[in-house]
Amino acid sequence: MDQKRLRELLLSFKEERLDLDQALAQLRHLPFEDLGYAHVDHHRAIRQGFPEVIFGQGKTPDQIEGIASRLLERSSNLLITRTNPESFERIRRLVPEAVYHESCRAISVQRDLTIHGRGTVAVVTAGTSDIPVADEAALTVEIMGNRLERLFDVGVAGIHRILSRRELLQSARVIVCVAGMEGALPSVVGGLVSVPVIAVPTSIGYGASFGGVAALLGMLNSCSSNVTVVNIDNGFGAGFVASLINRD
Amino acid sequence: MDQKRLRELLLSFKEERLDLDQALAQLRHLPFEDLGYAHVDHHRAIRQGFPEVIFGQGKTPDQIEGIASRLLERSSNLLITRTNPESFERIRRLVPEAVYHESCRAISVQRDLTIHGRGTVAVVTAGTSDIPVADEAALTVEIMGNRLERLFDVGVAGIHRILSRRELLQSARVIVCVAGMEGALPSVVGGLVSVPVIAVPTSIGYGASFGGVAALLGMLNSCSSNVTVVNIDNGFGAGFVASLINRD
Amino acid sequence: MDQKRLRELLLSFKEERLDLDQALAQLRHLPFEDLGYAHVDHHRAIRQGFPEVIFGQGKTPDQIEGIASRLLERSSNLLITRTNPESFERIRRLVPEAVYHESCRAISVQRDLTIHGRGTVAVVTAGTSDIPVADEAALTVEIMGNRLERLFDVGVAGIHRILSRRELLQSARVIVCVAGMEGALPSVVGGLVSVPVIAVPTSIGYGASFGGVAALLGMLNSCSSNVTVVNIDNGFGAGFVASLINRD
Amino acid sequence: MDQKRLRELLLSFKEERLDLDQALAQLRHLPFEDLGYAHVDHHRAIRQGFPEVIFGQGKTPDQIEGIASRLLERSSNLLITRTNPESFERIRRLVPEAVYHESCRAISVQRDLTIHGRGTVAVVTAGTSDIPVADEAALTVEIMGNRLERLFDVGVAGIHRILSRRELLQSARVIVCVAGMEGALPSVVGGLVSVPVIAVPTSIGYGASFGGVAALLGMLNSCSSNVTVVNIDNGFGAGFVASLINRD
Amino acid sequence: MDQKRLRELLLSFKEERLDLDQALAQLRHLPFEDLGYAHVDHHRAIRQGFPEVIFGQGKTPDQIEGIASRLLERSSNLLITRTNPESFERIRRLVPEAVYHESCRAISVQRDLTIHGRGTVAVVTAGTSDIPVADEAALTVEIMGNRLERLFDVGVAGIHRILSRRELLQSARVIVCVAGMEGALPSVVGGLVSVPVIAVPTSIGYGASFGGVAALLGMLNSCSSNVTVVNIDNGFGAGFVASLINRD
Amino acid sequence: MDQKRLRELLLSFKEERLDLDQALAQLRHLPFEDLGYAHVDHHRAIRQGFPEVIFGQGKTPDQIEGIASRLLERSSNLLITRTNPESFERIRRLVPEAVYHESCRAISVQRDLTIHGRGTVAVVTAGTSDIPVADEAALTVEIMGNRLERLFDVGVAGIHRILSRRELLQSARVIVCVAGMEGALPSVVGGLVSVPVIAVPTSIGYGASFGGVAALLGMLNSCSSNVTVVNIDNGFGAGFVASLINRD
Amino acid sequence: MDQKRLRELLLSFKEERLDLDQALAQLRHLPFEDLGYAHVDHHRAIRQGFPEVIFGQGKTPDQIEGIASRLLERSSNLLITRTNPESFERIRRLVPEAVYHESCRAISVQRDLTIHGRGTVAVVTAGTSDIPVADEAALTVEIMGNRLERLFDVGVAGIHRILSRRELLQSARVIVCVAGMEGALPSVVGGLVSVPVIAVPTSIGYGASFGGVAALLGMLNSCSSNVTVVNIDNGFGAGFVASLINRD
Amino acid sequence: MDQKRLRELLLSFKEERLDLDQALAQLRHLPFEDLGYAHVDHHRAIRQGFPEVIFGQGKTPDQIEGIASRLLERSSNLLITRTNPESFERIRRLVPEAVYHESCRAISVQRDLTIHGRGTVAVVTAGTSDIPVADEAALTVEIMGNRLERLFDVGVAGIHRILSRRELLQSARVIVCVAGMEGALPSVVGGLVSVPVIAVPTSIGYGASFGGVAALLGMLNSCSSNVTVVNIDNGFGAGFVASLINRD
């Protein structure tokens, strides 16, 4: 409950438009609705300054449609991650401008194209197999109103590839760096720039990659001090934080 | 090698102040010195825009003194982490204004007090035992020229403690959130603000905390999308990235 | 073998209604039957004061039907967890009042609706994806004769959601708290109440959630002292213990 | 902030004993004090209905003394866990009736001996090496006003030992069951009783016990449904929850 | 190469029925044949005193048939573990007396029914879900010529079940004890008898059972000194060693 | 309670030497004594057919002396493992014939030298660093009345070493095989003999040996079917089971 | 960029065939092309002296065909690992001499059959189930121009099998040793030869093999000093390094 | 037993200088001696073509002296790893030319300085803290008769450092690459050269480096195909294999 409404509440009570019990009850009441299976939290959009996002994994098309239709009443832009074509059919019927992104299995509705970010966000991958995760990050960065640069397949085994694009990297305000296997790319990128690098380990690899654990540990132990890490395959989270950094 | 020196090199060669072999040799030569045990990299300071930092763990007082004396010739501010009083004695003889920070076992030399950061960096801890790691983060934030707010011992088991300081949190440009045990604080803090939260798991706890692994995993799986994570007990890294975010 | 039957046995022997070998044999004989694949243990119902429960996982419909038909001869209420529609068809033919609970894949037969619990058991979840596990807990709580309150999707990233329902939580005798990902909810709930909180980690999440391990470790390391933990996805166990606590 | 004070606040504002800004400020103000290194939370004692507890690990004697002296002004009973004789010297100077418990390295001040619990709490161990953890649990149970039964060294390799004390177990309202190595005791005890069993894995063992992990996993996978688990060596937590269960 | 053939070789050389190179070559030659994909080792049968066993997992029906037809020329009894009905069809065409054991997916050919074992081998399980692994152990015990006792579903949560069959256990020469979940059964059984107990963890369970790791660790840490352990789900290995112990 | 005493009890009751309550009480009474810190279980010696063993780790010299003095009243032979010279001083005062074994930190009292085992037990190690664990196994084997053969430092990197001692191995009734690092020795030994091999992983090694886990996993996955495994460094357990196998 | 082109560039600039900006631009330009989804790196072939390899896992047939057609313009030999028949159909249309290797799911194009290696590379497996991984190694060894010896199914449980082929092993310049389960073969092989042994753990096994982790740890802890290790199932990597060792 | 002695043996038997039993006995006899605690294996030196090495960890000065004095009778060069000054005192008395290497705690005796290697072995480290492990590798490389190049502190966060020394790397026959933390250096180095790279993870780091596990996993998952891996901190093993590769 924001300050303004709180003032009004106190004054309403003082001016006897509310009695004591009503005032107490309103103090306890916070503005969200109950759809049965999920509290839709309109506050969050305001609090965090961005469109609502639905984490699609483990939600049925019915649930996704229900939450989405509520959110779209108030929000121009919507992102649904880890979903599927079936849910997309539902959403497209609600909003024809919805787009399905096959590589990262996401749905986006971007009705407001304002640029909020001050600089550029670069999304970089080590290999071609990391692209689905990078696409989720890139999509997040775009829907949150940022200029985006993609730089894919510049892994450290061919170091000249990343070095030849140093200029692009050095012009970014923040870099999202996506890598599986040994996850070494963020350390190299981090050493080349003086901006934050958000490292995303991917589950790409086999054997002792342990579904992304090798890359995750590599990134957490990066010798470059400007590297922070998000969960394995969490392209959305990386794009989200990159947007927060770029916005202010 | 920067663009300017590269131009000069090419022109020197063209104007025959350098012969071909000299030109090739200089192209291969990058400006760092060799102390025998460590390449001191003056480039890095320029590249990353901040004073040099010595990671003290595993280095002898001799090594630390050697590296520090070189760095202090060119850099106003110096931070030495994970060190000890013995090394401090050496550094104090070099620079009397050096300060030893007992809780986080760090040495700082801060001869330049310019504020570079645009907003405030908040450093928050869940418990009193997390304070040494938070102090390392706070020291880093200060030596890198930022306004700092400390908010200690506001763990989630007494949720009103963190809620009562919501205003302080919401006025920060970036938050460093330090927690051991279950590492739940960054999720709660992340939900209250719309700025990046850098989570630092600490090795505080016992049994199934596994030296900070429980907190690390909790933070990587945070349901708040604005949370990124650094290594266990890496207060320095969190403070460093927070400063990068705050600077621009 | 209870005290009363033991007395009778001794007296029967003394009064020569039993000879020595018969007495020895009866002392060794404990009342359970052998269905070939499973000892049905009628003692347990008496010993633990509750209807029998069949753990359905890894049992064929034939096995489930066989065990269930025996148990239903003596017990009014029956719960079969982790089962499937095929087994339900078998059970429905045995008892028409059997109900299949799709979200948690359980079958219940509740012919006795007596309330045994003194207070209310609250079942709380962090997200919508945790609901199947919570439903298993809730179903267990109900079939064991307790008043139940459900409070779903009140995760810590939107802390006002849980705070706004504080009253409901504080009126419960015991709380079952179901959460995946970082598993932070029990710590927050535990700090708001002075009753036991039974935490159930769920396998919801991806990457470094490691199938519920992150949530499990978070809960084991909870900074709230009133939290105990059951196995990942063990909604039944949590509901069972909650009922034991509420009963006395 | 409780309901009564909230009412008073609203009325004070209405009756103009408070102006608008004062009212808003008070609404934001929650009653805890700031000692610099730790928020002492007087609310918690009321909220959870028990004396305050200091987790001594990682706290200096100075910090412990500081926190304790504040708490003892308002609370009759105090428990300090995981501490040492040096801290005890400090506390004894504050309160001569303080007692040091060597086996579990705890300090207790129990000035109020009221029995709050309705039944008996049994604390059971598998081996003699588990006794320090069991002592921490037992001490917690006693200081929280419960009748206590100790049953030590009744591990499952000599099953008649636990069976011969079945009566004691079956008369308890709740059982704390402490075991290292394979952690099998709670399953056996759980099968003998119809009350909640709180299992405490201990770090006792070697090799593949992995500091208590084997016992922890064993307990989480217990085939007895009335078992819940706390962290490795967390005797305090187990005693605390047992007291909550016994109190109502 | 056995002693007898070695003597003959030396004598043949001395008596010039072999020249030096032939003698050297024969010394290097060991009697096994090469089917291309597998060395069939007739020595092993003699060396270990038992029929040959084919580990079916990862072998095609063609490979299994090929190896089996060779082995059956010399061996009366054959056991093929972890195989499938398709391979069974192949084997049945080779030997009509082959039997397929569905629960443990094994094929047996037992043309020699001699009893080699001196005592009885008991195979015990904690739950009904452990039966497939126990069946593999029992089948192995029988095909190796031992008297067998089965005792299934006597888990520790109903301790009277195992106690009531104590006599059966105490009359065995060696016990195979199969259990999933917390794997506590071998400790209890081990405490009741004075013969070796071979513990087989099963992958039965969910969540923190980690596919049998919880049971495995429990068994390795057993407080009963007469317990040794084999790999998760390795019923065959347990039955094999039990037969070796029982034979002599 | 054995059959004979049970008969007597029943008859005493019938013949009115015991009244009903006395009979019931005696039925519940099992013969062990309570030293306060440990139930000394005289039954176990009879049940398992061997002298008592004290696991010294985590026990004070006082506790060890107390338990030992009781046990020595009835048992000729005593083994105390994982203890220290201080405890030995106490025991030597009780029994002058006590011996301290420095390499494995064990105390033995062997007043009865009868050979109970039928064959020979071989104790084999891969390296010299594994000897302390092997010595614990060998000591156990001897105190339990077996003929013993030691074969040390025959690791698989020099395969001719183990092959040259094949005859010794093949003449044993059971083999204890002790190895750290990759733990490969039991597989090779197991392939050379047709008797049970008890594998003991040791914590010898560094880095990815993880304190014996590499050896433990290697042994659990042995391709030789006659291998079973005990806990890391558990020389006693291996010697104990070897004695059980050899005895009958 | 190689030395020769660098000289030419400098001279071109000096001789004014390039202006300053052109020279700077060329210095920054490195020769690789951009197919959109993957940088094809012609440098690497020269740098590493071998044909290009495509890691097929996670790449679509379209991607594989696109990359392959580019590479085949310049390279005689091509290896595509971890692919499938569908991709093979595409490649066969490009180059009719392409071969599909079913056991290891690889495609090879070997138009240049020159032998580059000086000695022989031996590829050895412990079991028949390890053959697919060994085939990938063998195929790599052959396509890189080496003489190859295969030695399959010589696991350590029948040690005479490997010993009887000692001569073959001792004549190799380098040995690739493929094993699952306990991974003991490289230690035995390593002890028999004085050349490098490259150990490849396979994911063959079950239970505590943990998908190859047991074998991996065994190999990393090998007591033979001439053993190095590659990732689980990484036959290609082992064959590649073996070829590098054999080539010079 | 080598071919020559085998021929002689056969001929001696034929010529009746040996009778049958003597011949058989000699066939079984292999040439090594028994010092009680360790088989000294003179064969190995011949078999592997290098001086003997003593792994000092876990061996007493007495044991080390005993083994060393035997070995020095026949071998010019000796390396003792993971030892201490006390053992050095013993060795220096045996051979005055012994040298103690403090950083890696090794003793070397190098009386034969012949160069056996054809090219140069480069030993590279990421940081200054990795130097002790690199020194062990370098010492091994030198004592085995190779030309050595050291290149220390060239971690990937300052990528120009490693690039500026590319020429040195590209002139090596084999590279040992030592790195802790994220272990990314071998991937970068591997991409720059076309020779084998032997990666040595070090236990340098903290938190989620898990004592070198992060670096180990990173190296096993290297995207450079010419990388193989040895155990954490195993500088000796890496130097040993590098020497084998360089020798031929």
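The letters A, B, C, D, E, F, G and H name the chains in turn, as written, and every chain counts its residues from 1.
By our rule, a residue touches a chain if its C-beta (ideal position, glycine included) is under 8 Å from a C-beta of that chain, and two chains touch if they have at least 3 such contacts.
Quantities reported herein were computed from a predicted structural model and do not represent experimental measurements.
S.K.: Hey, what chains does chain C share as contacts with chain G?
M.R.: Intersection of chain C and chain G contact lists gives A, B, E, F.
S.K.: So, what's the distance in Å between the C-alpha centres of chain H and chain A?
M.R.: Each chain reduced to its C-alpha mean, chain A and chain H end up 49 Å apart.
S.K.: Counting only Cα atoms for the centres, state how far chain C is from chain H in Å.
M.R.: It comes to 59 Å between the two C-alpha centres.
S.K.: Just the number, please: Cα centre separation of chain F and chain H in whole Å.
M.R.: Once rounded, the distance between the two centres reads 38 Å.
S.K.: Mark out which residues of chain D touch at least two other chains, giving numbers and ranges.
M.R.: Those would be 44, 158, 163, 191-192, 207-209, 213, 216, 220-221, 231-232.
S.K.: Let me know each pair of chains that touch one another.
M.R.: According to the stated criterion, the contacting chain pairs are A-B, A-C, A-D, A-G, A-H, B-C, B-D, B-G, B-H, C-D, C-E, C-F, D-E, D-F, E-F, E-G, E-H, F-G, F-H, G-H.
S.K.: Of all residues in chain E, which touch chain D in the complex?
M.R.: 126-127, 155-159, 163, 181-184, 187-188, 190-192, 205, 207-210, 213-215, 217-224
S.K.: Mind listing the chain H positions that touch chain G in their complex?
M.R.: Residue list for chain H touching chain G: 44, 47-50, 53, 118-119, 173, 191-196, 198, 216, 220-221, 225-232, 236-238, 240-241, 244-245, 248.
S.K.: Show which residues of chain C lie in contact with chain A when the two form their complex.
M.R.: Of all residues in chain C, those touching chain A are 128-129, 131, 152-154, 158, 160-161, 163-164, 167, 204, 206-209.
S.K.: Within the complex, which stretch of chain B touches chain G?
M.R.: Chain B residues touching chain G: 3, 6-7, 10-11, 13-14, 20, 23-24, 27.
S.K.: Touching residues of chain C toward chain E in the complex: what are they?
M.R.: 28-30, 32, 37-39, 41, 43-44, 57-59, 63, 82, 201, 203, 211-213, 216, 231-234
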